[in-house]
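Below you'll find the structure, written out as C-alpha cells, and then a few comments.
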Amino acid sequence: MNAPFQSLQYAGDALFLIVGAVLVFSMHAGFAFLEVGTVRKKNQVNALVKILSDWGVSTVMYFVIGFPIAYGINFWMNAGDLLQLTNGKILAGGRGFDILHCFFLLTFAACIPAIISGGVAERMKFWPQVFAGAIFTGVGYPLFESVMWGKNTFLQTWLFSSFGSSFHDYAGSVVVHSMGGWIALPAIVLLGQRIGRWVNGRSMGIPVSNIPFLGLGSWILAVGWFGFNVMSAGNFQAISGLVAVNSLFAMVGGILFGLIFSKADPGFVHNGALAGLIAICSGSDIVHPFGAFFIGGIGALIFIFGYKFETEKLKIDDVLGVWPLHGLSGSWGGIAAGIFGQKFLGGMGGVSLISQIVGTVSGAVFAVCIGLLVYGALKKTVGIRLDEKQERQGSDLAIHNIGAYPEEDMLSA
Amino acid sequence: MNAPFQSLQYAGDALFLIVGAVLVFSMHAGFAFLEVGTVRKKNQVNALVKILSDWGVSTVMYFVIGFPIAYGINFWMNAGDLLQLTNGKILAGGRGFDILHCFFLLTFAACIPAIISGGVAERMKFWPQVFAGAIFTGVGYPLFESVMWGKNTFLQTWLFSSFGSSFHDYAGSVVVHSMGGWIALPAIVLLGQRIGRWVNGRSMGIPVSNIPFLGLGSWILAVGWFGFNVMSAGNFQAISGLVAVNSLFAMVGGILFGLIFSKADPGFVHNGALAGLIAICSGSDIVHPFGAFFIGGIGALIFIFGYKFETEKLKIDDVLGVWPLHGLSGSWGGIAAGIFGQKFLGGMGGVSLISQIVGTVSGAVFAVCIGLLVYGALKKTVGIRLDEKQERQGSDLAIHNIGAYPEEDMLSA
Amino acid sequence: MNAPFQSLQYAGDALFLIVGAVLVFSMHAGFAFLEVGTVRKKNQVNALVKILSDWGVSTVMYFVIGFPIAYGINFWMNAGDLLQLTNGKILAGGRGFDILHCFFLLTFAACIPAIISGGVAERMKFWPQVFAGAIFTGVGYPLFESVMWGKNTFLQTWLFSSFGSSFHDYAGSVVVHSMGGWIALPAIVLLGQRIGRWVNGRSMGIPVSNIPFLGLGSWILAVGWFGFNVMSAGNFQAISGLVAVNSLFAMVGGILFGLIFSKADPGFVHNGALAGLIAICSGSDIVHPFGAFFIGGIGALIFIFGYKFETEKLKIDDVLGVWPLHGLSGSWGGIAAGIFGQKFLGGMGGVSLISQIVGTVSGAVFAVCIGLLVYGALKKTVGIRLDEKQERQGSDLAIHNIGAYPEEDMLSA
Amino acid sequence: MKYIVAIIQPSRLEAVKEALSTIEVFRLTVTEAQGIGRQRGHTEVYRGHEYQINFVRKVKLEIAVDDKYVEPTIEAIVNAARTGAEGKIGDGKIFIMPLEDVVRIRTRERGSEAL
Amino acid sequence: MKYIVAIIQPSRLEAVKEALSTIEVFRLTVTEAQGIGRQRGHTEVYRGHEYQINFVRKVKLEIAVDDKYVEPTIEAIVNAARTGAEGKIGDGKIFIMPLEDVVRIRTRERGSEAL
Amino acid sequence: MKYIVAIIQPSRLEAVKEALSTIEVFRLTVTEAQGIGRQRGHTEVYRGHEYQINFVRKVKLEIAVDDKYVEPTIEAIVNAARTGAEGKIGDGKIFIMPLEDVVRIRTRERGSEAL
C-alpha cells in the first residue's frame, strides 16, 4: 500500500470514528429528554443535569482508568505522540486512532449511568449517583468489556474452543445495554418505590409530564443509534451496510409490535423502537433484515410484558422501565444473535447459541453483583435516597434550587 | 483499479449512503415536531405516533414491494449475499450497496405519508391513514418513481427524444414532495374541515399550540435536508458541492422572502425555509446558487399566497398547509429547474423546460388520481374521519387514550 | 497521484466540508433554543425568528461580500465553473471546494449575530438587529478574518518574525467567539437594562422560562461543535483526532467545573460545557487532552465569575451572558493556546504566548470598536430599543403579532 | 347588587359571552376550573397503567351585576350555555351571591356606578 | 344555602374529595391558586441569582351546599385537609358565604334542588 | 367579616402585596384570570390568519378581612393597583361580599380569630 493511500485510510478511520462518537454522544441528549419527558415536572432539571454530569465524570474515568483496563492502552504521553498512537503504536501519519477509539467506546461506557439514571429517577440523591456512575464507567464496565471485547480473552477462548464460536456481541446488546439494565435493577430495588406510587397496596401510577419531550428523546436516541451500531465496525474499511439495515428493521419491528400489542400507546410505540434497537446490537452484522425485524419485534414485546410484570407484579418502581428495556431486551438480543445468526435462518453463521447464552447470562450476573455491591455500600454509608420532604418538593428544587420553568413559578413575572 | 482502492470505494459508498439515510431518517422527527407544534395540544400525541407508525409500515412496504417495483431488485436471499449485492449483482467485497440504496430511497418514500399526515391532522382516523400510507409507499409512489428514476424508462426516453432532455428531478421536488402534497389534496377535501374552523361561514382560525416545537421541527427538517439533496448523488464519487450550496441558497431565499412578505410571521419564515428546500430539490445539481436563491424565494411566495388561497378562498382545511408547501412549491421546483438550469441563467444546461413541465404535471395528475382512489375507497368503506365526539375530545384521548401532558391532566399529581 | 485517487480526494474533501457545514448549521438551532429557553415566554418567537433571519442575511452577505474580502475569491461565474472552483482555480473534477469552504466558513460568520442575539434579547428592535448582523457578517468579521486566517497577512507575518510564531486560532476562540462576545458588549450597554431588571437599585432577576429548551439548545450546540472544531482542518486529509478529543475534554472540564463551582446549577452546568468548547477552539489541535480539560474548566470559571461580575457589579443586563461566555472565555481560549500548547505542558509547541496575547487583545479591541460604531450609529438614527409598551407586551406580540403558545392565549380554544 | 358565579362547559364560553353582550353585560372575569359532579371524568392509559381523571375541564365566570340585571343574566347564560337542545349532564350551574359594594380602581367610583 | 370556599394543600385534594363523598357531597369546583400567608415561599437560584418565590401552590375548592350540610362539610374538609396529625402551617382556610340562589343550567331547576 | 375579591393588572401584583403588608394584611389567595371589559384584547396573526384575543390577563386576589379592615384594604389596593398616575382602563375592580364564617383548618379556630 502506498503512502498517500495509507494517509487517506488513516483520515478515513478518523472521520469514521468521529462521526460515530458524535452520533453516540448525541444519544445522551436523547437519554436526557426521554427522562425529562417521563418524570414529573419537578424532576426535569435533575434529569438534564444528571445526564450531563455523568457524561463528564464518565469521560475522565474511562480515558484514565477504564480504557487502559479494557484494552491495555493508556494516554500518558505528549500530544504529538497521542496524535500518532494507533493500536498502541506510534505510527507516523496517524490521526489519533487510539484516542478516537477510546472516545467512541466512552460513548458506550457512558450509557451505563445514563441507563441507570432513568430507573432511579425522582428520588435518588445526586452525588451518590454521580459516584456510582464513576465506578461503573471507570472500573465495573471496563472489566466486563475487557473480557468480551478487550485484552482478557480467557472466556472467549474457552467458548471458542468449547462451542466452536466465541460470544458474539457486535455493538453491545449485552456488553452495554444489558449491563446497564441489570445494574439498575438492584439500584432500583435498594432505593424503593417513589412516595405515592402505591397507596395502601393499590398501584396508583404516577403520570409522566411531557410526551413530546419523551418522543424527542426517543427520536434522538434512534437517530444516534445508527452511529452506535454502524461505527462499531471499529474502522472505516470494516463498515457493513447490513448493520445499518438490520438496525432499521429491528427498530421497525419494535415500532410495529409495540403499536399493535399496546393499542397505539405512545410510550410503548416509542420505547418499542428503542427495544428493537437494543435487541439488534449483538447480531446486527450477522442476521438477515427479516430476522432483525423479529428480533426487534420480540424485543418490544419483552419490554411491554416485562415492564408490566416488573411494575405491577414485582412492584419494582422502575421509572423509565430501564430493566425490561435495556436489561431484558438486551439479554434477548445476546441470545437472539445465536438464533437468527444461524445460516438456516438466512444469517451469516459462525455463531453458537450456547456461547451466546453463556455470555449473556454471565453479563447479567456480573451486572447484578456490581450493582448490589456499589449501591449496597452507598446505601449503608452515605445513603442513596432523598429524604421525604425533598422527594415531595422534587429533586429540582431540593438539589438544584430551581424548577424547570422558573418564570411560571413567579406569578407576577 | 486495484483491489484496496476498490474496497475503499465500496466503503465510501456505504458510508455516504448511511450518512444520507440517517440524515433523512432524522427529518421524520422534524415532520413529527412540525405537526406537534401546529396542531392543538389535544392532538400532539397522535402526531408523534402517526409519524413513527407510518415510518414502520413504510419500511416494510418499500423494502418488500416498493423498491422491487421501482428498480427491479429484491432482497430474497441470505444475509451474506445481501451484504455483497451491488447494483443487482453479488460482488465480492460489497458492503451492502443495494440495501443501503433502498434504505436511502425508503427515507424518501416515507415522506409521502409524513407529508399527508400534516394535512389530515386533528380529525383523521388512525388505522385508515396507516393503511393509506402503506399503499402509497408500497405501490403508488414506487410506480411513479419507476417511471422517473427507475426501470420503467418509457416516458423519460420519449421526453429525451422529443425535447432533447428527459425530465430532471435530482432530489425529488416532484417525485417526492409534489407527489405527497398532491395526494394530500383529495384526502383533505374528502375529509372535510375540522369542527370549528368555519362557523356560520366565518373563517375562525384554529390556533397552533406550540411555536417552539414547530420551530424545532422546521430546524430538524432543514438540517436533514442536506442529506436529502447531497446524498441524492447516489454514490460517494458523484458528490457535488454545488448541490449543498444550492440547497443553502434556496433555503435562504425562502427564509428571506418569507420574512419580508409576511411581516416576520414565524410560521411563514420557518415554512419559507422549507418551501425553498422543497423547490430546489429538482434542480439543485444544475442551477447557480443565485438562481437557487430565487427558486427558493419564489417557492416561499407560492406557499404564502397558495396557503391563503387554499384556506380562505377554497376553504380547504389543510392544517399544516401541505398542499401549497409540498404540492405547489414542489411543482414549482420541477418547472424552475427547466428555467434556472438553462445556461443563459448561469445553470449547467442539459435540461428542457417542456420536459420539466410534462414531468411535473404528470406527477401532480398521477398523485391526485391515486389520492382520490385510495381515500375515496376508504371513505366509502371503513370511513376516514373521527366521529364528532372523538374530534372534540382530541385524537390523543380518542385514539391513544392519553394526553400529551398527563401530569397536567391530573390536578393533584 | 493518479486520477481516480485524485477524484476520491476531491469527493472526500467535499463530504468533509459538507458534514462540517451541516453540523455547524445545526448549531444555529442550538443558539435559537438556548435563547428560547432563557428569555421569558413573551419573547420566544422572536428568538426563533431572529436566529433564522440572521442566518438568511448572513448567507447572502458572506457569500457576496465577506468571503471575497477575507480570501479574495468570488463567485461571479456560471454554475459549471463554480463546481470546479478549487482554491481559486477551475480544476477539472472539482466538486465545489471553494463554495463549500465558503459555506463552512459562513457557518462561523453567522455565529456573530447569533451570539449578539442572546445578549440583546427581550428589548432590541428587530430590523436594526438584522441590519447590524448584516454589517458584521458582510464586512466587520471578514476584515478581521482576513487578517488572522485570510489574505491580509501583515499582522501574522509580523508576529511570526517578532515572536517566532504567528497567532494560532485553529477553530476561532478569538476570531469567532471572542469577536461575537466583544461586539455584543457595547450593543448591550448602549441598549440598557430590561425594564424590571433593577428596581430602585435592587437587582431583581428576571426568571428564565424553560430549562428543558435551554438544555436542548445547549446539547445541539455541543454536538455541532465537533463539526466546528474537527472540520476546521479545512480538508479531509488534514483531519486530526486530537482536535475531537481535546474538544471533548474541554467540554467535560467545563461541565465538571461548572457543576462543582455552582452547586449543580443547571444554567452553569450547561453553559459550562459551552464555555469549555469556546475556550478550546484556538488550541484544539496543539494541546494535550488533559490540558484541554483545564482550558475548559477555567473557561467555565471565567464564565461563572465573569457573569456575576458583569451583571451584579457592572449592572450590565446581558440576558444569556454572551460577553462572559463568548467574549471572556473566547479570549481566554486564545491566550490558553499559548500556554497549554507549549511542549513542556504536553502540547505540540510552535506557539508563542506573546503572539497569542497580541492576537487576542487585537480581536477584542477591534470587536468593541465595530460594535460601538454600528450600534452607536443605529441608536443615533433609527433607534435600537423597543418602546416601553412593546417591551412590556413582549417582542413576540410587538414584532411578530403572535405569542409562542397561541392556543393558550385563546381560552376557549 | 349580586355576584354571579357560573360554571360552564369551555366550548360554550364564546356563545355565553355573545349572549351576555346582547343584554348589555359586557364585563366579566373568567378562570379555568375543574369540575367534579355528575359528569364523569375519563380514563387515560400509559404504558399499560390506567389513570383515572376525575375532573372535567370547566370555565368559571364571575359577573357582578345590578339587581335588575340578575334575571336577564341568568336567562342569557342558561340559554347559551346548554349543549344540545336539551342540555347535557355537566352543563353547569349558576350561583347568585349578595354583593355589598364595588370599587372601580381607576376612578374610585363605588356601588352600581362602578359595575 | 351557603357557598363554601376552601383553600387547601394540593396534596390533600384527593383525600378531601373522598371525605366529602362519604358525607354525600359529590359536586364541587376546583381551581389552582397561589397562597400568601404564614407559610413562607422558597428561594430559587439560577446562575447565581436568587429569586424569592413568595407564593405557595394551593388548591381552591368551591362547594355550594344546603344549610344542613355546612357543618358536616366543614368537618369533612378539616379532617381530611390537615397534613400530619397536628396540622401544619399552610393547611389552609375555609370561608363560608351566603348563597341566595342556584340555577342548574341543564334543567333550569333553582334553589336547593339545583345543588 | 368581608370577603374581598380584587381583579388587578398582573404587573401590579407585587405592589399591591406590599401595600397590603403595610396595613398588616398578610394573607390572601391569588389566581390567574382573564378579564373581559372596557380594556380591549389584541389581535394575533399567524400565517396570515387573524385571531381575536378578547381576554386580557388579570390577577384575582381574594382576601378575607375583619370589618374594620375593609376600608384600609380597599384604599391600599386602589392606591397600589393603579397604573400611571391617573389609572388606566383595565385597572380592575374590587368586590366586597359578606363573609359569614371562617375556619382555620390547622387549628379549627373560627370567626375573626381564624382570619
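Per-chain numbering from 1; labels A, B, C, D, E and F assigned in written order.
Convention: a contact is a pair of C-beta atoms (placed from the backbone, for glycine too) under 8 Å apart; a residue touches a chain by one contact, two chains touch by 3 or more.
The structure displayed is predicted, hence computed values, not measured ones.
**Student:** For the chain pairs A-C and C-E, which is connected through the larger number of C-beta pairs in contact?
**Tutor:** A-C
**Student:** In terms of residue numbering, is the interface formed by chain D and chain E classified as same (over half shared) or different (under half shared)?
**Tutor:** Different residues, largely: of all residue numbers at this interface, under half are found in both copies.
**Student:** Which integer distance in Å separates the CA centroid of chain A from that of chain D?
**Tutor:** Comparing mean C-alpha positions, chain D is 52 Å from chain A.
**Student:** Rounded to the nearest whole Å, what is the centre-to-centre distance of chain A and chain B, using the mean of the C-alpha atoms as each centre?
**Tutor:** About 33 Å separates the centre of chain A from that of chain B.
**Student:** Using CA atom averages as chain centres, what separation in Å is found between chain C and chain F?
**Tutor:** Distance between chain centres, rounded to whole Å: 46 Å.
**Student:** Would you please write down the residue numbers of chain A that are in contact with two or more other chains?
**Tutor:** 5, 8, 12, 19, 207-208, 210, 216, 263, 265-267, 401-403, 406, 409-411
**Student:** What positions in chain E touch 2 or more of the other chains?
**Tutor:** In chain E, residues 11, 30-32, 34, 44-46, 51, 55, 97-98 touch at least two other chains, as defined above.
**Student:** State the interface residues of chain D toward chain F in the complex, per the touch definition above.
**Tutor:** Per the stated touch rule, the residues are 3, 17, 26-31, 62, 64, 97-108, 114.
**Student:** Applying the document's contact rule, which stretches of chain B touch chain A when the two form their complex?
**Tutor:** It comes out as residues 4-5, 7-8, 11-12, 14-15, 17-19, 21-22, 25-26, 29, 32-33, 36, 44-45, 48-49, 52-53, 55-57, 59-60, 63, 75, 78-80, 82-83, 95-97, 99-100, 102-103, 126, 210, 213, 216, 399-410, 413.
**Student:** Write out the stretch or stretches of chain A touching chain E in their complex.
**Tutor:** On the chain A side, the touching residues are 392, 397, 401-403, 406, 409-411.
**Student:** Please give the residue numbers of chain B that touch chain F in the complex, ascending.
**Tutor:** Touch list, chain B to chain F: 203, 205, 207-208, 262-263, 265-268, 271, 304, 307-308, 311-312, 321.
**Student:** Taking the complex as given, what residues does chain F use to touch chain C?
**Tutor:** Going through chain F, the ones touching chain C are 11, 34, 42-46, 51, 53, 55.
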